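Look for chain A in each of the two complexes below; its partner is chain B in the first and chain C in the second.
Up next is the complex of A and B:
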């Protein structure tokens, strides 16, 4: 994987759609993540979890895209959460004052346990 | 460009070839076809006329096609004209050399009309597209240059001259990663003398971020300069301003842009710093004695993330000689060729090494260190730094203009402020504000200034309450004069004769009975000021108070 590469793997656990992101999310690729999430909402997914366990680094472009995804989820009455925000990535959320802005679950299992939208 | 508009040049020493090609091209709709017999003639024609495509024979006497091509490719004004080599099939080696030199394509003899049409058409289309792209890029570059100039114009142009009332040295530096940046900083003295500064980072880079930067910067200035003075005392703080900015920036924000912000207000009288941190890296304080500290406070969400965010305020103090160093994360993330980041550790080491430096030297030293570290690698993010230092001398006289336009503080023997007030207890605010400004201007310490405010308030209130028993609207003149070592307050009115000094010291109030007003006021006055004089002149009461205290002229 190149220095700026991001990989997204999609999986389904019951009603919950999980996007696991690996690598670095920055202004060169953040839009791809946003587009992927949009597509899922458009296809009818009602509960999306983005798993950041394998993310090495993210920039403000990534935060912006996550906020846009949050808005979209709200508009479509879907549930959206992040999970596995750890280590350096967690520090970035913390320093940016953004830990309280998103729904964040400690692990994927916990995120899945929170069930789909009613 | 349609076939009719394109100008073609056919270069061949063979007359039949010239004739055949010209006829075929004209039949395809190319109206402007010029011919040349040899290389030299071709070059002359190219210099005189606008030619959009050249068909060039390889085998010609004196100067062959390859040599003509060499000349063309060496000339910047001719380099971009597409060239199609005309050749016999045995000459394929020469053709290859020409293509390597930059010829677009080749056309074998005898000429096949279909191939002629296709290859000429394709080359002209490619040229047209290249020209379009080039002009679009030039236009964009121009627009970005204009935007960059505008954006740089939004940064504070000069630095206010250092004086007792304005004891802060400042230096800011911004280096956008692209033509326009997504960082911002600003600093200025508010109308009441408070020093305000801010630094922030818009999510993203380029034109969109630059526009958001412009909006944020204007709103922040407007809010502090226009809104703050009109607010009640308890809202005159950075937290309130941050909340106002946050609500405004959250409007019309589908793109979900946001801006981190560190906003600080510093009191010129005592260096007290009040600040909020909206998701921005916390600045450092480099103390005069060389200790390096980091400001504290849990970072809160950036502006425009959530319109209801409540911002909490923190406090610190800048003593004389202390400097505050603020920066954006572009500094920490400056990347060297091998992928290593500059990091906080290097920044801290550099700051420690620069202890005692004035802001411009401080910023320069960090900048040089970052540049040296990241040398060669392309810029990944906007880099911005802002340093604020409280001048080491407790009461700096006019130290001179730092850079750009600025006022020098002229030393004056007496500084006089005069006001006229209506006899209305609810309209004393201008008086308090004037005294506060005078206090800041002359670096009057907190306790004496407080005493002066109380004395002033008390005396003017007394006049309003007792000078006109019959009522009606009247005027009170107040004159405040600052001289070396003292502040003098004169209050004049045309009410009934009233000598506050005749009131005796009040008896100790009996339990359950409130002390008489007026008497208590004067008693208090004697504790607050050193001298009180009263005179009745020309039907007017004149009261003069003098307080001894340190002032800076």
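Up next is the complex of A and C:
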């Protein structure tokens, strides 16, 4: 495993399940993140937040997976949001015109306080 | 973008009327000091007192219009930030040269040309960066500081009029300078901010007390009403080929200064600021060019951004553009109130000398700071040291240089021009061999993101490249490799670096990369077979400062360029 390989840690805060991702999200691991989210929806989680604070960058493959997760949440009537989209990661969201496509909270605390909107 | 803690009103925020008036008045008071420069030129041109007052009024109109232009936020012109205009020592030497070449008409004509030159430079800023690095900007500013000190001393000692030191002039200049320095060093708040104005007032008072005050400029306007359109009978515009070099150098120096000032203004707005926004810089330089051309057309000298306005914005926490608009409008109105212009013209020579000597210290120190902020290797030391020495020689051995061939006179006759030309030429020579290059050749099947990250981050650290730029390059390279997949054959990754550029070139077996100009929709990214590839190409186009993809027979090449 490289120094910047993706790591996912899962936690629960009340009704909200949080996946905190660290490292790089690219074609080699994006599907792994998507599969983890799908599994959580299948197990009955209704509120999911993905925390991107520790993510270094994400490629087009990662954006596609996040869009697929959004669709899946919509179909399952689940709520899905992102939080702590910072630095280069935020720039990439801006460049791709994808900031408005997702529900994004400034911090994890804000995401938990408001609850995912979707 | 993160709002800094001390920022009260940002560039786009409107100020309440009372605060707007006070903020604008403060800027006007600080900007007013720079009116000494056109007045010095008018005096040296031996214009009558009434004509000098007209020059002062027209100069107020010029900095008013230039301030509004520089603050504007539009696609074609303006920085979008609070950055006021002022007259500058940059144009003093070239204007003196032009005066000797053919009088005030040459000064005005060449000021218009300098403005047009700056307008032409504006769209080329990004490409000119390697030719005009910050240490050369610092050198130019330091030389201007020293030239102003020399001129200031002439006025302060009374040498400019008589050729001999005048004791009473020394007293007036000494009082004015002592007040300025004393308030600047030991006072706080209001007294410190307006130390120059208090020094000028003390100089006026001392001059009156010693019976040296010449009230004729004020008397010349006696009988004219409160509002008066400035006279333009002294205006003419002439072109002089020999003056083109000094005014060209002045236009470059003014460009360097406004780039520094607007970069500072940008930094005040954003705690996360890491690199200048070139669109804003280009608009600012274009505005400066139009402002100088306008100034020359209405009968004054070249304008530039006024660094003190950035300092004032920092001190007050008010960076609202509306302050700049109000200050600009205020000066445009004052241009039609003749007693204000006459008041500036009546300023005694020793007081002007004290102001010049005082500000020269700050300009010189600013220049030194800009030079030493960069790590000075052998190349830069040679460029700065040799050019500074040459600039000093132009002043010290003026008689010797006066025997130079006529085509060299415009260059060697002026310390600013000689120092700048020397620095630019030496910098070009010293760039030979400055670019460093490394290549990674691996079978496509074995390329991983980890390998690419390690290669770029380690070499970036060795070259002392900025980490944020390296991170963008890492994303670019990994994104390219993700799109090309793992074809049979070798992938060549080449990274090259100099102080201003980080380039990544990737050669691989397969078709050229698709780099679309429009972004795919979220639906296309998810459902279309090439949606993800189109997003990849679009992200690459947006994240690199330049990108180029082409076929090389069976292989293809992608060039990613990042400004550093």
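Quick note on the criterion: the second predicted complex is superposed on the first by the 112 of 118 C-alpha atoms of A that agree within 3 Å, B and C clash if a C-alpha of one lies under 4 Å from a C-alpha of the other, contacts with A are read in each partner's own complex, and residues count from 1 in each chain.
Everything that follows uses one rule, which is that contacts are C-beta pairs under 8 Å (C-beta built on N, C-alpha and C of every residue); 3 or more make two chains touch, one makes a residue touch a chain.
The structure displayed is predicted, hence computed values, not measured ones.
Residue contacts after overlaying the shared chain place A:13 against neither chain B nor chain C. After overlaying the two complexes on the shared chain, residue contacts for A:42 are found with neither chain B nor chain C.
When the two structures are aligned on the shared chain, A:101 is found in touch with chain B and with chain C.
By the document's definition of touching, both partners, chain B and chain C, reach A:67.
Looking at the shared chain after the overlay, A:27 reaches both chain B and chain C. The interface of chain A with chain B overlaps its interface with chain C at residues 3, 27, 59-61, 63-64, 67-68, 71, 95-98, 101.
Remark: chain B residues 201-205, 254-258, 260, 277-279, 281, 298-302, 305-306, 339, 381 touch chain A in the complex.
If you check the complex, the residues on chain A that touch chain C are 2-5, 24, 26-28, 56-57, 59-61, 63-64, 67-68, 71, 88, 91-92, 95-98, 101.
Across the complex, chain B is touched by residues 3, 27, 59-61, 63-64, 67-68, 71, 94-98, 100-101 of chain A. Residue ranges of chain C in contact with chain A, taken from their complex: 448-450, 453-454, 468, 471-472, 474-475, 478-479, 482-483, 519, 522, 525-526, 531-533, 535-536, 538-539, 542-543.
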